[in-house]
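Chain nomenclature is as follows: A, B, C and D, assigned in order of appearance, with residue numbering initiated at 1 for each chain independently.
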Amino acid sequence: MTIRAVVWGENIHEQTNAVVAGIYPEGMHATIAAALNEGEGISATTATLQEPEHGLSEARLRETDVLLWWGHKDHGAVSDEVVERVARRVWEGMGLIVLHSGHFSKIFKRLMGTPCALKWREAGERERLWVINPRHPIAAGLEENFVLENEEMYGEQFSVPEPLETVFISWFQGGEVFRSGMTWRRGAGNIFYFRPGHETYPTYRDANVRKVLINAVKWAYNPAGALTSIHEAPNVPVEAALEPIVERGPKLHQAGEAGYR
Amino acid sequence: MTIRAVVWGENIHEQTNAVVAGIYPEGMHATIAAALNEGEGISATTATLQEPEHGLSEARLRETDVLLWWGHKDHGAVSDEVVERVARRVWEGMGLIVLHSGHFSKIFKRLMGTPCALKWREAGERERLWVINPRHPIAAGLEENFVLENEEMYGEQFSVPEPLETVFISWFQGGEVFRSGMTWRRGAGNIFYFRPGHETYPTYRDANVRKVLINAVKWAYNPAGALTSIHEAPNVPVEAALEPIVERGPKLHQAGEAGYR
Amino acid sequence: MTIRAVVWGENIHEQTNAVVAGIYPEGMHATIAAALNEGEGISATTATLQEPEHGLSEARLRETDVLLWWGHKDHGAVSDEVVERVARRVWEGMGLIVLHSGHFSKIFKRLMGTPCALKWREAGERERLWVINPRHPIAAGLEENFVLENEEMYGEQFSVPEPLETVFISWFQGGEVFRSGMTWRRGAGNIFYFRPGHETYPTYRDANVRKVLINAVKWAYNPAGALTSIHEAPNVPVEAALEPIVERGPKLHQAGEAGYR
Amino acid sequence: MTIRAVVWGENIHEQTNAVVAGIYPEGMHATIAAALNEGEGISATTATLQEPEHGLSEARLRETDVLLWWGHKDHGAVSDEVVERVARRVWEGMGLIVLHSGHFSKIFKRLMGTPCALKWREAGERERLWVINPRHPIAAGLEENFVLENEEMYGEQFSVPEPLETVFISWFQGGEVFRSGMTWRRGAGNIFYFRPGHETYPTYRDANVRKVLINAVKWAYNPAGALTSIHEAPNVPVEAALEPIVERGPKLHQAGEAGYR
C-alpha cells in the first residue's frame, strides 16, 4: 500500500528572496516531497498557493492520504473555502502535518481553535531537539537529541491545546524552550506539528529532519478510508431504537424532520 | 470575590413554542441565571440573541468571568464577529459552559475545531448520568449517578477532541451512551460541555442539574485576570535574548519588523 | 515481520468449573491465541500460571512483542518477581493487553498506579459496546456498535488514570455504563484494556471481540526494539555537557559517583 | 477553611553534609513548611523519615489535605507499608506534591507506574523555568519565566506518564530541557511534580519557588473530603439493578459472595 502524500508550499519566498531561492531553487515543497519519496511506501507530490484552488481541489484531496503544509508570508491569501475543504478531509481521516511557520496558517488555527501564537527571533542560533518520547513512531531511528546549527527561535508559550503526546522539546541557544513536536487527533484525522524549517536555512536538507518527516507521514496515515459519516448528525427514530422504548412527552420535531444546525 | 456569570440564551422557542413557553415562561436563560444566583459567590445575568450585539458587547464581555451558552434553533443567526469576540475572551481566560444543543453553536465548533456532531432522538426517554470522576469539582455534592426521567437522547460518536477530563457519561433507555460532561482548556480559558437541557422538558429545574451548573461556573472561573498577551506573537530581538547570542546567517526580517500573520 | 504475541491465562476455572470447561475445553488462553493466529502477521503462543515462572521467563519475555493477560480467581498467586519483570518489559516497549477481570491483576495495578476498581454484576445481561473513536486502529472493521447478548456487567467509576484515548464505551441493560476500551503509554510500552470476557460466556468466540484483539495486538506492537536505556538515570558530567559550562558551587557527588536511587 | 499541609523531609543531608546544613540549618522540610505558612489559608507542619512511621501514621494522614515529599539519599528506607498508606490517601483525595529528587521516591514511582528516571548533572548551572500554561493556578503571579542561577540539571527523557497538563519546562545552560512542572490525577488525588530543589543550593529560599509551592498546595487541595469508596469493588445484585433485568445464563458466584481480588 502506497501512502499518497501532498506537500503544500506557499512558494513565495523561493520566488522573491535570493537567499531562499539559493537554498531551495526547486522550491521548498519540492525539496520536502523529494525527502518523502526516499521513504519506503510513500508517493509524494506537491501543490502550491498559485495553482487553481491552491492545487487542493475536492478530487485531489479525496486521493490524498497525508497533507503537509508550509506557509509563512501570506497565510491570508489561502481561500476560506479551501481551508474548510481541508478541515473536512482531516475530520474524515486525512493526516495533516503542519510545518514551522504554518503554525499561523488558517488550517492549523481552524483545527486547533486557539491563537497558535509564540515568540520568535531570527538570529541563526543553535536549536537542539530532544526526543522526550523515544518509542513514539515519529521518533523512530533518531538519537536522543539532534542539532540544527542555524534556526529561527520559537519560544513558549505556544498557545495550542494540550496535545495527545509531546514528542520533541527544543532547547535554544538564546534561552528559550519550545514543544517542537506534538500530536492531536481531530475527528478521524491525525495531526502533527513540527517546528523546524525556517526558509533562510537548509533545514529540509538535514538528515534527521527528513527522517522525522517520513516517520510523521507513516504515523499520520489512516488506512481505514474516509469516515464520511462524521459530517452527519443522524436522527435515530423511536422505532429504530436499539432497545425498545415508548415515546413520551412533548416534542419539537415532527417525524422525519432534520435537526437544526 | 463574586464571579460574574452571563447566561446567553437563544430565546426563540420560548417565544414560538407553547410547550417551551409553558415550562420556561421567563425564558430558559432566566431560569438558568436564577439557578446560578442560588450559588454562593456567583452573580448571574442574561443576554439573548435578540439584543444588540446579542448582548455580548466588548464592554460586557470584558466584565464577564464565565459565559454559559444555550442555543438550538438558529445558530446561524449569531454574528461571526461576536463569535470571534467570545473566542478571544475565552483564550484570555473567560470560562465557557456550553449547554445541550449548544454543541452545534458557532462558538463551540470554533473552539473545538471539529464537527461536534452526534446522534439524537426526541422521545422523552430516561437518561442516567454517571459520575466517572467523583472528586472533580464539577461533580461536588452529587451521588454516583442521577436520573432525568425525560430527556432527548444524544448518542456517540460525539466528534469533539479528546478532553482533558471526562466527568459524566450518560446511559439512555434506548441503548445509547454519551460523554455528557467533558472539560477542555483553550488558551487560558476553561471550557465545559454539559449535555442535558432539551427545551421541551423541565431539565433546568432539576436540583442535580442546577448543582452541576453552579459547580461548573466555580470550576471555570479564573481569578487571575485577562491574559491579553495571548494574542501577540512577539519578536525577541537578539540584543534582548536572555542568554547572550551573536546573530548569524541570512535573515528575512529587518530589525524591528513585525512577523507575518 | 511477524508479531510475537503471548496469551497469558490463569487457567483455573477451566480446570475446576464445569461451565467454563464446557465453553473453553482447550483453555481460554488457547482460544484467544487461536483467534490471534487468524490475524495476518501475528504468531501467538500461550503461557499459564501453573508453568515455571508462570511461563514468563526473562528469555521468553525478551522474545515477546505483545503480552495479553487474562486472570480472575487468584491474582495473588502471581509472583511479584514476575510482575516486576513484565513491568520492565512494558517500559522497554512490549505491548500489554489486559482483558476483563485482569483489571485487578497485579501487573495492571502496578502500571496504572491506581485501585482499578469497578462495580460488577453477574447476570448474563446484554452489553452494547459503542465505538466512540471510529478510526482508532483498534476499532478497524467494526460497525458503530456491537452487542454481546450475555455478559457480566462492569460499571463506573473505573478507577484508572485518564487514558490517552477512549475507544469503546459500554451500555448495560441494567443501567450502567463503562469505558470498555482505553489506551495508555507507560515508558515505551503501549497498553490497552478491553472489558469483555467473563469466563461463563463464549465471549472469546465472538467475531467482533476477536477482531478487536487482533487489532489491539497490531496497535500495541512497537517495531523499534527494546528501549533498555529506560531503566538508567545517567549522570552527564560537566566535561560531556552539550554546551560548554563551568562547574560552580558546592556538590554532593564526587566525580564518577552514581546517583542515589 | 484552612488547608492542612504536611511537608515530609528525608532529613539526612541536613545532618550529615556541612553545605546542606549551612543552607538549611533548620532542615529543608522546616524551610518549606515556613514558606507554605506564608500562604493565606495554609497551615503546614512537618514529618521526617526518622520519626515513628516516618511521621505518617494513619491518624496523621487522615488529617492531611496535601502532602509534600522531599527525599534523595535513602528512598529505600521508607517502609513499604507507609508508602501504601500514602497511596491510599492520595486515591481518596489527598493532594501530593513531589519535589526534585523525590522523582525516585517509592511513593512517586508507585503512583506513576513508570521508572521516573532522568539525566542529571550537578554543576551549579543556570536553570530557566518557562511557564507554558500561564493561567494554570500553579503559575499564578509568576512572570513568563524565572531563573535559578545555580541548580542541578535534570534532563529528558523523564519517564513518567503523559500528564494532564504541563505547567513548566526548564532550559539548562548545558543544553538540556526538562518538563519541570506536571500534573496528574490518581483516583481522587491531585498530584504535582516540581523539579527544582537540589539540597546544595538555597532553592527553597527563592521567592518564585515559594510562590509555586503555595499555589500548588492550593491547587492540589480537594475540599470534598475522603472518597473512601474508591477502595471498594461492590457487587450490584440483580434485584438492585437500576433498570429491571432478569438473571440469565450460568454464574460463577453465589448470591452475596464477594468478588475475587
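In the analysis below, contacts are C-beta pairs under 8 Å (C-beta built on N, C-alpha and C of every residue); 3 or more make two chains touch, one makes a residue touch a chain.
Just so it is clear, the structure is predicted and the values come from calculations on it, not from any experiment.
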item	value
Most remote chain, CA-based centroid, reference being chain D	A
Chain pair with the higher count of C-beta pairs in contact (C-D, B-D)	C-D
Chain B-chain D separation of Cα centroids, rounded to whole Å	31
Centre distance in Å when chain B and chain C are each reduced to the mean of their C-alpha atoms	36
Where chain C and chain D are represented by their mean Cα positions, the distance between them in whole Å	27
Junction residues of chain B - those touching two or more other chains	128, 133-134, 155, 157, 162, 164-165, 173, 175-176, 185, 187, 230, 242-243
Residue numbers on chain C that touch chain B, as the complex places them	128, 130-134, 144, 155-158, 162, 164-166, 169-172, 175-177, 179
Chain C to chain A touching residues, read off their complex	93, 128, 133-135, 137, 140-141, 145, 164-165, 173, 185, 187-189, 222-224, 227, 229-230, 242-243
Chain D partner contacts - residues on chain C that touch it in the complex	13, 17, 19-20, 72-76, 87, 91, 101, 104, 110-115, 117-125, 150, 153, 155, 157, 159, 161-162, 164, 173-176, 184-187, 199-201, 230-238, 241-243, 245-253, 259-261
